[in-house]
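The next part holds the structures, each set out as structure tokens.
Look for subunit A in each of the two complexes below; its partner is subunit B in the first and subunit C in the second.
Presenting the complex of A and B:
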């Protein structure tokens, strides 16, 4: 039997037209997400993480000059070729999305109960009363105290953590097969962060859904993900299981990211590691390897020729000419 | 003992919706602008509704023997050059002013909301609708109204049409600018991500967020419409005589202002009170509905 992944993205390219010309925000990205699996998508701001997630549901304004090419299969259905009606049926029902900012992700003029119920009435064709009951059930599930009262609250009456829980309840109320979480915990403090992540994993087990977790927080990745995709400037530069990535990172960029994490036993007063240079603008993409200008290993070959994704082990891919020179744990760095 | 337990029992289970209503009412009554404005507007509205009860005269009935009588106990506001009771004419005139104002507000709000929302949501439509808007806004309001009335003929319904055409662009612009900000909010993107269709997003999610600026705008449009209707009638382009309207009573009194001051003062005061009331109400509502104004100052 051939294994069919829940979500399969093949060679996705997302191009925007701007005043300065065409910009390719996502360039040839391919990956898969299986049922019950959590895949992390990591990278700096502006590397194309969010655009990738928006591309999956085609959440771009019509006539905005956005061009999507490649293929996205969800449950064997091609999403880029689907009609708007088919997509609207999938959005919020089979694929849900949780947004980064819980403070502005809820409509201020409706109670939270109304907003969750809306999605239920929209997709599950529930009656108002049934939707209301199901809403209270969902609020209980995401751990909101006295949900029968909270259901009538307006967003401004809830704290950030509560709102994020409401967002999750909204995302999960139709029991989606795939959850796209775009930095779901960035706006929350660390204790709430842990609670929300636990909650998501708990619900994942119950519903057997796949999660695509977009984040720049490697701590979160280490905690919850099964596999990780590292993105840089619109491309995937490394893909590995979470253990492999943390024990044996092969891309200089991944190694740089790892080194930038503050450690609990690090010396006080010692400066944190930084990756030299800045992310180039998408208008001036380097000719060779995109990371070459900031890479300590870069040589003439790197500056002239863009590397391919090399499969160096099973389920471990890296986009670097020098991956062989990088030893276990990235120790031979710069050698 | 008995009474205290009763008070606790009644004060505790307050339905949330009623609670919000009470909070909103308290806030409204604490705002002096809004309260004084609404008292004036309510006063004029009552006059308009109760007109037949307030006076025993007929606004159109002429009595030559009573020509140009100054204010007295039998004619509170005096009489005009045809012997008609000015108080009665002013009272009935309020029906025209308020009627025109109200109809214009309803039409401009609905059409303005429609245009504003759709041009904010659909960029291609935006260019088209806003150029029409710009074109209409290029004319001074009163000139445009006169031009439309010249084409349609002076009639109350035509005054309403003309004033609506004149004020729709103002409402459409205000709504469009709010709707554009709302459209970019994450919660609108979230509705799209939940599979909401365009009409749902526009009417159930963007529109409610535009309501408070619409209410404020509508109150001001009401005031403008009252003034413009009076101006048009004064110029002879609006409500045709002998039907009484504040504007045409003013016009009747214009040439004899020195002999019969009451014919100019009373309709003038009526216009002033109405417009003042509406503007105060509008300012008050803006303070109340716009979360960005500092409430502590008022």
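Presenting the complex of A and C:
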């Protein structure tokens, strides 16, 4: 039997037109997410991780000049060719999404109960009463105290952590097969973050969801993900299981990122590792390897020819000409 | 510069005593007046050349404290002494002089710069406000500062929108350094930045501290960052300082249950060490109705009867390690 992944993205390219011309925010991204699996998508701002997630559900304004090419299969159905009606069936129902900022994703003039019940009535065709009951059940599930009262609250009456729980309840109420979580805990404090991550993983076990977790926090990745994709300037530069990525990173960018974060138990007082320079603008993408201008290993070949993704081990891919020079744990780096 | 045994004998550069800040909030005309109790009875000493890290979650009062120290906010009660002088009741004139020595940098470098001012002029402005040196020399001083913070001379005539977040934070730093201060409050200086840029700015802060003999109050919510840069760390919860210790002691032997929960909640970039978290129940109570007794007791996994009644005071547990908890003795 051939294994069919829950979500398969093939060679996705997302292009925007801007005043300064066309920019390709996502350039040839391919990956898969299986049921029950958590895949992390990491990278710094502007690397295209959020655009990738928005592209899956085609959440762009009409006539915005956004062009999507490639293929996205969800449960074997192609999403980029689907009609808006077909997509409507999937959005919020089979695939749902949680955003970073719950305040701007919730409607301030409706109660949170109303907003959760809305998707239940729309997608699950529940009656108003049944939707109300289910809403209270969902609020209980995400750990909101006295849910029968909170259901009538407006978003501004809730704290940041509570709002994020409401977002999660809303995202999960239709029991989606795939949850796309775009920086779901970035705006929260660490103790609340710990609660929310535990909750997401708990629900994942119960519902066998696939999760695509978009984050810039390598700590969060290490704690919750099974596989990780590292993005830089619109491309995946490394893909590996979470253990491999942290023990044996092969891309100089991944290694640089890991070395540059201060840890809670590492050596103190030393200077932090620095990735020189800044991320170039999407309007000025380097000709060869996109990381070459900031890379300590870069040579003439890197500056002239863009590297492919090399499969260096099972489920471990890296986009670097010099991956063979990098030993276990990212040593021999800079040599 | 590491401080330890020296701490007891040295005179602190900054001494904060029993600082309180209550913000009045409007309720109906016939209702009782209410207050957001942002900071309660907060005391602190910072010594020359050290970096004091102040951590806590949003709403714990750490930024309010930072602002009161510079008198950007007037404290409800308590005092702030800088170099032995009580600045709490300084006149505007006296304050202006004091602020030559005390500067602040904020989290968001985008809103801290005037978008219509070339950055060279923005950096020179404090020099002319304080009449430092001759006007003719200002440009040269600014160029020196730009180099110090890792920018180029050609950046002098550019506007803030032409710079990235990390570069803007460098500009803000250069502006703070323009008056040659001794003490800088850094209020979440790296939390708006990407990880690779964050490390650049942290290294720069340390370099500048050496070059200019600066003293920092480093306010942040990211514990790994605070651990990296601080000599001593204070932990705040709901306006109270609950624990304070030299950095290594705090992170290796946290004593307050809140500190322990906070440390356990930090996700570690090591998948082999998915650790047991102490997950705190419920959320931070409202600072309008502070819990009686220890402010942490409603969420504390170990709370006993005393905690609900009696406010714990900070007690010394050994070299510079202070904690406010009934369970520790």
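The working rule: the second predicted complex is superposed on the first by the 328 of 335 C-alpha atoms of A that agree within 3 Å, B and C clash if a C-alpha of one lies under 4 Å from a C-alpha of the other, contacts with A are read in each partner's own complex, and residues count from 1 in each chain.
Just so it is clear, a residue touches a chain if its C-beta (ideal position, glycine included) is under 8 Å from a C-beta of that chain, and two chains touch if they have at least 3 such contacts.
None of these values were measured; they are calculated from a predicted model.
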Side-by-side fit of subunit B and subunit C on subunit A, or clash: fit
Once both complexes are placed on the shared chain, angle at subunit A toward subunit B and subunit C, C-alpha, multiple of 10 degrees: 80
Touching partner for A:255 - first (subunit B), second (subunit C), both, neither: neither
Partner chain in contact with A:240 - subunit B first, subunit C second, else both or neither: neither
Which superposed partner A:106 touches (first subunit B, second subunit C, both, neither): first
Larger contact residue set on subunit A - subunit B or subunit C: C
Touched partner set for A:222, first subunit B, second subunit C, both or neither: second
Contacts of A:170 with subunit B and subunit C, given as first, second, both or neither: first
Distance in angstrom between the closest Cα atoms of subunit C and subunit B, superposition on A: 8
Residues of subunit B touching subunit A in the complex: 16-17, 123-124, 185-197, 200, 204-205, 208-209
Subunit C contact footprint on subunit A (complex, rising order): 44-45, 145, 159-162, 189-195, 197-198, 216-223, 225, 242-243, 246, 256-258, 260-265, 268, 271-275, 278-279
Residue numbers on subunit C that touch subunit A, as the complex places them: 57-58, 164, 166-167, 194-200, 202-203, 206, 221, 223-225, 227-229, 247-248, 251, 261-272, 274, 277, 279-280, 282-284
For the subunit A and subunit B complex, residues of the former touching the latter: 57, 59, 61, 63, 87-93, 96-97, 99-101, 104-110, 118-119, 122-123, 152-153, 167, 170
